[in-house]
Every structure is written in C-alpha cells, then in structure tokens.
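The chains carry the letters A, B, C and D, assigned in the order they are written, with residues numbered from 1 in each.
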Amino acid sequence: MSDSSEALATHELRHHFENMEQQRGASSMGMWVFLVTEIMFFGGMFMAYLAYRYEYFVAWQEGSQHMNFWIGTVNTAVLICSSLTMVLAVLAIQQGRRRLTSVMLAVTICFAMAFMVLKGMEYHEHWLAHEFPGSAFHFAGIDPRHVEMFFVLYFVMTGFHALHVLIGIGLVSTMLYMNERGHFSADYHNPIENTGLYWHFVDLIWIYLYPLLYLIGHHHVS
Amino acid sequence: MATASAITAEREHYLNADYGFRSWLLTTDHKRIALLYLISITFFFFIGGFFALLIRLELLTPQGDLVQADTYNKLFSMHGQVMIFFFLIPAVPAVLGNFLVPMMIGAKDLAFPRINLLSWYLFIIGGGLMLYTILTGGVDTGWTFYVPLSTAYLGTHVVLAAVSIFIAGFSSILTGLNFIVTIHRMRAPGMTWGRMPLFLWSNYATSIIQVLGTPVLAISLSLVGLERMFHLGVFNPQLGGDPLLFQHLFWFYSHPAVYIMILPGMGVVSEIIPCFSRKRVFGYEFVALASIGIAVLGFLVWAHHMFVAGISLYSAMVFSFFSYLVAVPSAIKVFNWTATMYKGKIYYSTPMLYAMGFIGLFTMGGMTGLFLASLGVDVHVTDTYFIVAHFHYIMVGGMVMAYLAGMHFWWPKISGRMYPEAWGKLAALTIFIGFNLTFFPQFVLGWTGMPRRYHAYTPEFQVLNVLSTAGSTVLAVGYLLPMVYFLWSLRYGKEAGDNPWGAAGLEWKTASPPPTYNFEETPVVTWEAYNYDDLPKEVPVVG
Amino acid sequence: MFPNFPIWPVRAATSASNLDALFIFLLLVTGTVTIMIFILVTLFALRYRHTIVEKPTPILGSLALETTWSLVPFGIFLIFFVWGAVLYFQERTAPPDSMEIYVVAKQWMWKLQHADGQREINELHVPVDRNVKLIMTSQDVIHSFFVPAFRLKQDVLPGRYTTLWFHAIRPGTYHLFCAEYCGTQHSGMIGSIVVMNPAAYEAWLSGGGGEGSLASTGQKLFQQLGCGSCHRSDTQGRGPNLVGVFGKPVLLEDGRTVVADENYVRESILNPGAKIVAGFKNIMPSFQGVVNEEQLLSLIAYVKSLQGSQQAEPVSNRPAVPNTSAQPRVK
Amino acid sequence: MEKVISAKLYFTVWAALMCLTAATAALSYVNMGALSPVVALVIATVKGSLVVLFFMHAKYIDVKTTVLVIVAGFFWLTILLLMTMTDYITRAWS
C-alpha cells in the first residue's frame, strides 16, 4: 500500500521542485498569500462599514434592530461546525483514512448548504419587509435614508460572503470527487489542506460580520 | 518566433524546443509566457499611444475642434486605463520579471507555472474586454472612476471597463503571488538574500504591493459596479454615501500602484548601471532596502491625491508628512546610482544611455513630487497640467525608459541575437528629446493654471500646447524605432554569445537563448551580487 | 515676443503672494539638486569613459555618505512640509468677519448668491481688500472651484458644504475654472472673478436690484413651509427654538455634542432623524426633494440671521440638565 | 511531515468557539453603553485567532515567512482602517 502511495506522491512532485517538502511549503505559503488578498478585499467593505457607522450611528443602531438575530446566531454556529468537520477531514486524510475524509467533506457541504438556506430565508424576510434598498425600500423608523445605507452595506457584505460560501461549496465538492477517485493519500493532500484554509477563512469573515451587523442594538425586534 | 535562423537550430533551447500554437498557448515555461506577455503589452502600448497622439492633436488649438467633448473625454479616459492597467503595471514584472526571476535565482521555473499561465489568460480576457469596451463606445470616467459621476451620471460602458480592470487586476495579483513564493522558497543553494540581484529585490517589493493593494481596487470597482447594476448605492449621495470614501479606497491601491510601475524600472537600472560601469553597485544593502522601504511606506501616503477633495485638515497633514518620508528611499537610490558611476569604466551602449536618461528624468519627476507633497503648493497645482507633467516624467521618462533599457540589455539573452547598436542609440536620443519637448512645457502650463482633462482651453495656453504636441510626434517616432529593429534583429541580428555584456548574474551563466530548464544542473552560488572585480574589465561586445 | 504667453500666473490675492514665496524656494532647492545630478552623471560618464580608464576602482559603499544623503534630504523635506502645512492651515481657516457668498455648482455652470440677494451665473463680483468666504455645494457630481490668480482650489461635493476664502489685493478680472472632471462640458464650466474697487463695487451692488436679501427670502420660505409651527420663538414649540443656535454647540439625544454649522442645519432639514436635539422626539418630516439647493441656502441664511442673546452653553428648550435616560455613548 | 494534531484538540477548540458565540449573543442583550461594541469585537477576535491558530494550523507552520505573510495581511488591513478613520474622526474639528 505504502509503495503505491509513495509512487503516487513522487508522481505528484512537480518537475521544478527539489522535493515534496519544498512543494508543500510553497503551496501553503501561496494559499496564505491568496488569503491575504481576500482579507484586503473584505477589508474595503469593513472600511465602508466603519466610516458610515461613525457618521450615521443612530441609523446603524436602528437598522441592526431589524436584523433577524436568531438566524444570524444559528448561522454562526452552523459555520463553526462546518469548520470543525473540514479540519477533521484534513486530519483524516493526513492519517490516510480516505473513507472518513469523504464523510467529513460531505458533512461540511451539508452545513454549508444549511447556511445558504438560512441566509436565503433571511433575505426573503427582508424582501417582504420592504427592506431591500432601491425604489421598493421604505422604512417607518428614524432616519430612513441612512438606515437604507445600512441595508445596502448589509446586503453587499453578506452577499459577497455568501458568494464565497458558494465558491467554497464548489471547492469542497471537487475535493470530495477527487478523493473518491483516489487522488489523495497520506503523502499528497495539499489541495485538501488549501481548501480547508479557504473554508476557515470564509468562517473567519463571518465571525466578524456577525457581531458588526447583528449585535449593535440592545433589544432585538424579531 | 519559429523563424530563429539555422545557426542556432542544432542546440536545443526554449524557442525551438517545441513548435505550433499548442506549444505556445498551453506553455508553462516562464520564458515563453514572458514572450506572450511581451506581444500583448506591446499591442496595448500602441493602442494607448494612439489615443495619446489624438489627445495631443486635439490640444493644438484652444477651441476643441478635432473631436467633440465626449469623444475627448473618452480618449483621455481610455488612454489612462489602457496605458496603466494594460502596459505600465504588467510591463517589467510580467515580461522581464517572468523571464529573469527564475533564472536569476537559479531555479528551473516559477513556483506555480500553471498559475503563471492563468495570469496571462486573465490578462488577455481583461484586455479583450477592454478592447470590446473601446470598440463599442468607450468609457469616459477618467482612469479614476470618481463617484458620483461614474455611478449615476454617465451612460457609457463603466461596468464593462470596471470588470475588465478587475480581471486584469487578478492577473497582476497572481504574478505578484508567484514571485513572492518563488523568491522565498526556490533560491539556488548559496543564493542568500544578500547575494540576490537588485532586480529581484525590486520585483519582490513590487509583488508585495501587487498582492496587498490590488484587492482594494477590486472591491472599490465592484462597489461602483454594484451601484450601477443593482442600485446597492454604497456611494449614493442621496443615502448619505460619501464620495470621499470611494477616493480613499481607490487611492489606497492607486498610489502604491505607481510604485508597482516604477520599482521594477529601478531594478532594471540597478542591474545596468553597474554592468556598464564595470563596478559593484554603490551601497548594495541601502538600494535593496530602499525598494522594501518604498513598498511599505507607499501604503501610508495615498491621500496626497485628495488634499483639496474635502478631507480634514489634520488628516491631510499626516499624509503630507508620510509623503515626504516615502521620498527619502527614492532619493537614496538616485544618489547610489550616481555614486556607482564614480571611478567606474563607463561604456555608452544603448542600455546605459537609457539608464542615464532614466536617472535624469526620474530625478525631475521625483523633485516635482516634492512640490505636490507640500500642502500649500498642492492646493494650486493639483488637477492641473503640472500633475500631468509630474506623473508622465515618472511613468514615461522613468518607467518606459527603464523598460526599453531592460529590453535592450536582455534582448541577447531572450533571442540569442544582438540588436543594431547604432539604431539603438538613435532611438534613445530621439525618445529623450521628444519626451522632454512634450512634457516640460506642461509644467509651465500647470503652474500658470491650465486644468487637467480640458477639451478646450483659454487662448493664452496655446503656445505651450503647440510645443507639447510637436514633442509628442517626435516621441511617437522614437517609440516605433525599437519595435522595427528588434524584429529585424530576429533574422539578421549578430549572433550574441552567452554573456555579450560581460555582466554579473546567474542568467548570464547559461546559454542564450537558454534551454527550457534554464540550467543543465542547479548552480551553486559562491560569489557576491555584483562581482565585477573578478569579471572581464571590458564589455566583450564593444571590445 | 508673444502677445499673451504668461510664464507666471498673475498675483491677485494674499494667498497668491504667500504661496509664490514657497514655490520659488522649492524651485531653487530642487532645481540646484537636479542640475547637480545632471552634471555629476555627465561628468562621470565623460571623465571615466572606457577608452581612457584601464581598471575601475572597486568601491563598496560608505555608511557615512548613505546616512548623510538620507537625513539631510529629509531635513530639507521637513522645511517644505512645515511651510506648506502653515499655508494650508491659513487657507483652510476663514477669518470670522469675512463676507459670505453661497456657491451652487451644477453640471457645467456656477450659480453664485450674495448675502444681500444678488444672483450671478459664472461671474463673481467682489470688493478688493475684503475677506470673502465662499460656502459651496454641488447639485450633482464633484466639481472644483479653481482661481489660478489666487492660487486657490477647493472641491465642491454633493450633499455637503465646503468652504474657500480669499482676500483679493488687485482689482481686475481673473479666470475661474472647474478643476475636477465632471462630464461632457467640464472644460466649458469656466467663468471669471471680477475684483472691484469699493466705489465700483457699491455701484454694482445698487444696480443689482436683487429681490431682497437672502435671509428675507429664507424667512418667507420658512413661513411658507410651516416651519414656524414647530420652531417657535418661545419655548413651547415641538421643535427646538432656532434663535441664537447657529455656530453654537448643540446637545443631542444620544449624548453627543455637535456644533450647529451649515452642514448640521442642512442635515437637520434633509435627514432630521440623523441628529435629534436632546429632549425632543423624531417627529420632523424630511424635506429631501421638497427644497432645492438654492432654497436650502436661503433657509440657512435665515437661521444664521436669528442671532438672539449671546448664550454660551448648549442650546435646548429644556433646562440644561443632561438627559438621564440617554446613556452617554461613544461611537 | 507536518505534526498531526489530535482530534480531541479540535473538539475542544470547537466547543470554545460555540461557547464564545453563545456568550457574545447573550451579552448583546446587556446594555453596556460604550463597552458593548468593544466587548463584541474582543470576543470576535478571540474566536478569530482560535480559528487561525488551530483550525488553519498557523501555530504549527514550519515556514516562518508564512507567519510573516499572515501578520502582514492583518497589519495592512489596520493601515487602511486607521489611516482613513483619521480623516473621518478629525473632519468635524476644523
């Protein structure tokens, strides 16, 4: 068993790397450099949030009251569980247990789907309450224009995050498919590790989005 | 490329290793990808140059009578976008960098060859979209896309242009990512950081900026796109959206972007000056760390583009102070280049002429930058032709001169052929004269108050504008010459040996054009960066 | 040799002469260093050309030289920085006694309103030797009020007031340009500033025949829109009493204190909910779309003209006891 | 070979993250005035560092430069946020 995985591993060694160790170090460093670009991408949106929160604090409080507190909290828990199953998948493949890896990857996908479903319900709820920015938006409370800006930022930030969750689902499914085809082993599993890094990053962004969008006000309407 | 003549046919190298479209369009060899980039950016350079000529022709007369106002606005917008995103930013990193970074550190290829090819394809997709935008009506937001003009008051292809630049931005990110990992993880044994050529130091610093800055441009253009398409108006003034927020996000990338454009040029000059002075570079560590200093400090200065935009007084003073701090590393570099020539053995080959021209023109560009960093002066000269002259002195006088210097210096290594030296010198002189005639009058235009992006101007500015247009025609001719004789040299150029200039650096230790895997066996480096003391005292080609 | 070929822009305001001094200093310092570098490069290129030099002398570098040409330039840069910052400070803080003119920038024209009613398009008549303060806003995109003869420029933003002040010293007519790209006719959005002697200015003023001062138009609009029903001069009104409010700090419902400047009055008219005065409820309707930019300016001029007795502490109908229910909250 | 971490550690980190989420949710009901955004962000940062250090193996990286990349990423984010906020905070002063 080991020599075939050994052969598999060397087969995977790209021609220009000296050894597997150098290739793994390079690929995880490359992934982290990519994640830094994602941090700066979302950083632009956090900048807009911070600037407008400073300017229109009353509207930010008012807008946050109309967030669905419970769906937000449950979604945070769902993403944390999906992070757990993802890291267990990486652990399983490191120990060469391919069956367990596939199971863990599948569970991660289910959690991610659950997150998207909950997010869809939440968006639908806001749509019905005329809280989607644009001509249909109307808001009875204080300072409606700046509250509309709060909802603009809510939909932009959670929208881009949901897009990254979708990309994550695509990546994890590809890993599941390739793992089923016996592409990975205890010696060669860089792609799964990098997909794990990407998925934990998506969770990390939500860990910050949750308090900033859902937890500003003190009493929760819904 | 397959026209390499019979003499070099028998030795296997990266050009004749394989033939046919598949071998080029699906290559993962960093040298072939560099040539693919060379062809694409030269194409875009001539498109941008064509727009520039139209602008200069339009400004011959005070009343705008060559093109209407809208067309003129499209001309300068697309001139800016095409030149910056599709020529200046990829020029040295993607062409010379792709070709030389692996060879200079003694590696077989970049860390991620397939991502390198993906980077070129993203550049081509972005470029194709920009071409489509140009051909179907163009975009008139300026290269700066300021809101609320770009989000609510224009009917042109703003979203299309934003998407094309978004994609080209990713190509730039992937190149940066590739270089950072390669330089960190794949250096040949003995190639310590202290022995790396300065070209690698400046490309490393450029990659830091590309990776950390470009995503913020991506998000600001995406927000403009979202506001235009789905009315999710983050910058919508009716909802309390702040146009200055867009400017902060835009310039957070766009100022470091000017360092993405100039740093590689500095790297090229730091290679050429020592080679043609036959002497080590003066103060190697200072020039190397100055590149990193520029990359890091370059991120703290962006709001000097916004001194009159309405930002607060105190914040403007903070950015003005940091703008003076970032000027220091550039000054160190210029002084070190000049000091390198002291007591050297100077050769006047074409790359050296360009490099000396670079020192002069980049110094003028940098010095006028000191005017702009000072708050009081900037209030008068910002948004005038003084600014246009300043950044053209750095982009065209600095960056394009350095790019041409690099192309002439490494052309023997790329093609195995020598370019015609006499024609090279003629082109360098024409470009130097044409450039100064075009852009020096614009300093005076700006100081006397002619605003930027004016389709029609008041009559008293006409004389200097005529001078500038005359210069631009000379400059255009100057740029055509190298393209002609480089292509000519592919068939008729003299045979260039492995090291025609007697230059230091691993890339000159292998054959030219180099084999696909660069080195027969991975070299071991035991010498310092610019060991010209134990290299031949004269430049073989010149003798 | 050429009829109209200026090398140096005319100097027509105090800000111009101050700036020219700094500009000449910058020109001299950077000019000498640039010429020095040009000379050095050509000198070395000729003196050490390969035909007359046998062996280049290896020089590694010198720490002393490197530190000098890092610290000395930075020292000079600090002089540029401080001098520039002082000028910027003066240009951005308008003297309190200055004569106020309201400017509304619109896609491709400048609309100017004097305090006592004159309205002008693309033309501004100002007296010489007087501090003039422009309060500017834009109806659509970003424009920029640029007068080369005064060496002054200030972007004009939609949704906000920006100010620019100058003190003209030479009568004459000077160019007014729009310096921020604003669309098709960006290059057509030009005008002129006419600086006049006091006598000529008075003649122009009387000839103007404006329909009453801006504040009076504001007062008519104030009654017409029914603002008076809530903002009453006594203290029983449902809205805060506006007498003597302008320029003073105002205590807000959520504990913040803001100065009642033009931007505050504008926001309170267009988005009343954003900053509610302490002790009042959010009942005022938004006037966004009801009043245009010119009407807003006249209302602001009217509020400014309501100078009651000099009250120093934050103005509120309630006794100045901090509102206990609202916790002081730092943003 | 990268050091293989025990599953038990992952479960403890997971439990900690769930408790912290519950805590921050509960704390949002308590009116701490100026402190509530600070507390919420501190808890979020603790959760974030747990994810980065353990789930993303930042603690066990042998390549020192990758750690440098991570630190640089967050440092540049703070440059963007703080330097721009100098404008918004001091805009009301003049």
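We take it that a residue touches a chain if its C-beta (ideal position, glycine included) is under 8 Å from a C-beta of that chain, and two chains touch if they have at least 3 such contacts.
Everything numeric here is computed off the predicted structure, so don't read it as measured data.
Asks: Using mean Cα positions, find the chain sitting nearest the overall protein centre.
Replies: Centre-most chain by C-alpha means: B.
Asks: Among the chains, which is located farthest from chain C on the basis of C-alpha centroids?
Replies: It is A.
Asks: Where the centres are mean C-alpha positions, what is the separation of chain B from chain D, in Å?
Replies: Spacing between the chain centres: roughly 37 Å.
Asks: Roughly how far is chain C from chain D, going centre to centre by Cα mean, in whole Å?
Replies: 41
Asks: Chain D: which residues touch two or more other chains?
Replies: Where chain D meets two or more other chains at a single residue, that happens at 31, 63, 65, 69, 72-73, 76, 80, 84, 88, 92, 94.
Asks: What residues in chain B touch two or more of the other chains?
Replies: 180, 184-185, 212, 216, 238, 240-241, 244-245, 248, 313
Asks: Note the residues in chain C that touch 2 or more other chains, in rising order.
Replies: Within chain C, residues 92, 271, 274, 288, 329 contact more than one other chain.
Asks: Quick one: in the complex, what on chain D touches chain A?
Replies: My answer: residues 2, 4-5, 7, 10-11, 14, 17-18, 21, 24-25, 28-31, 36-37, 40-41, 43-44, 47-48, 51-52, 54-56, 61-63, 65-66, 69-70, 72-74, 76-77, 80-81, 84-85, 88-89.
Asks: What part of chain B is in contact with chain D in the complex they form?
Replies: For chain B paired with chain D, touching residues are 180, 184-185, 208, 212, 216, 244-245, 248, 252, 299-300, 302-303, 311-315, 318-319.
Asks: Which bits of chain A are touching chain C when the two form their complex?
Replies: It comes out as residues 53-54, 56-59, 141-146.
Asks: Under the stated contact criterion, what part of chain A meets chain D in this complex?
Replies: So the residues of chain A touching chain D come out as 24-25, 28-29, 32-33, 35-36, 39-40, 43-44, 46-47, 50-51, 54-55, 69, 73, 76-77, 80-81, 83-84, 86-88, 91, 94-95, 196-197, 200-201, 203-204, 207-208, 210-212, 214-216, 218-220.
Asks: For the complex, give me every residue of chain C touching chain A.
Replies: 254, 270-276, 282, 286, 288, 329, 331
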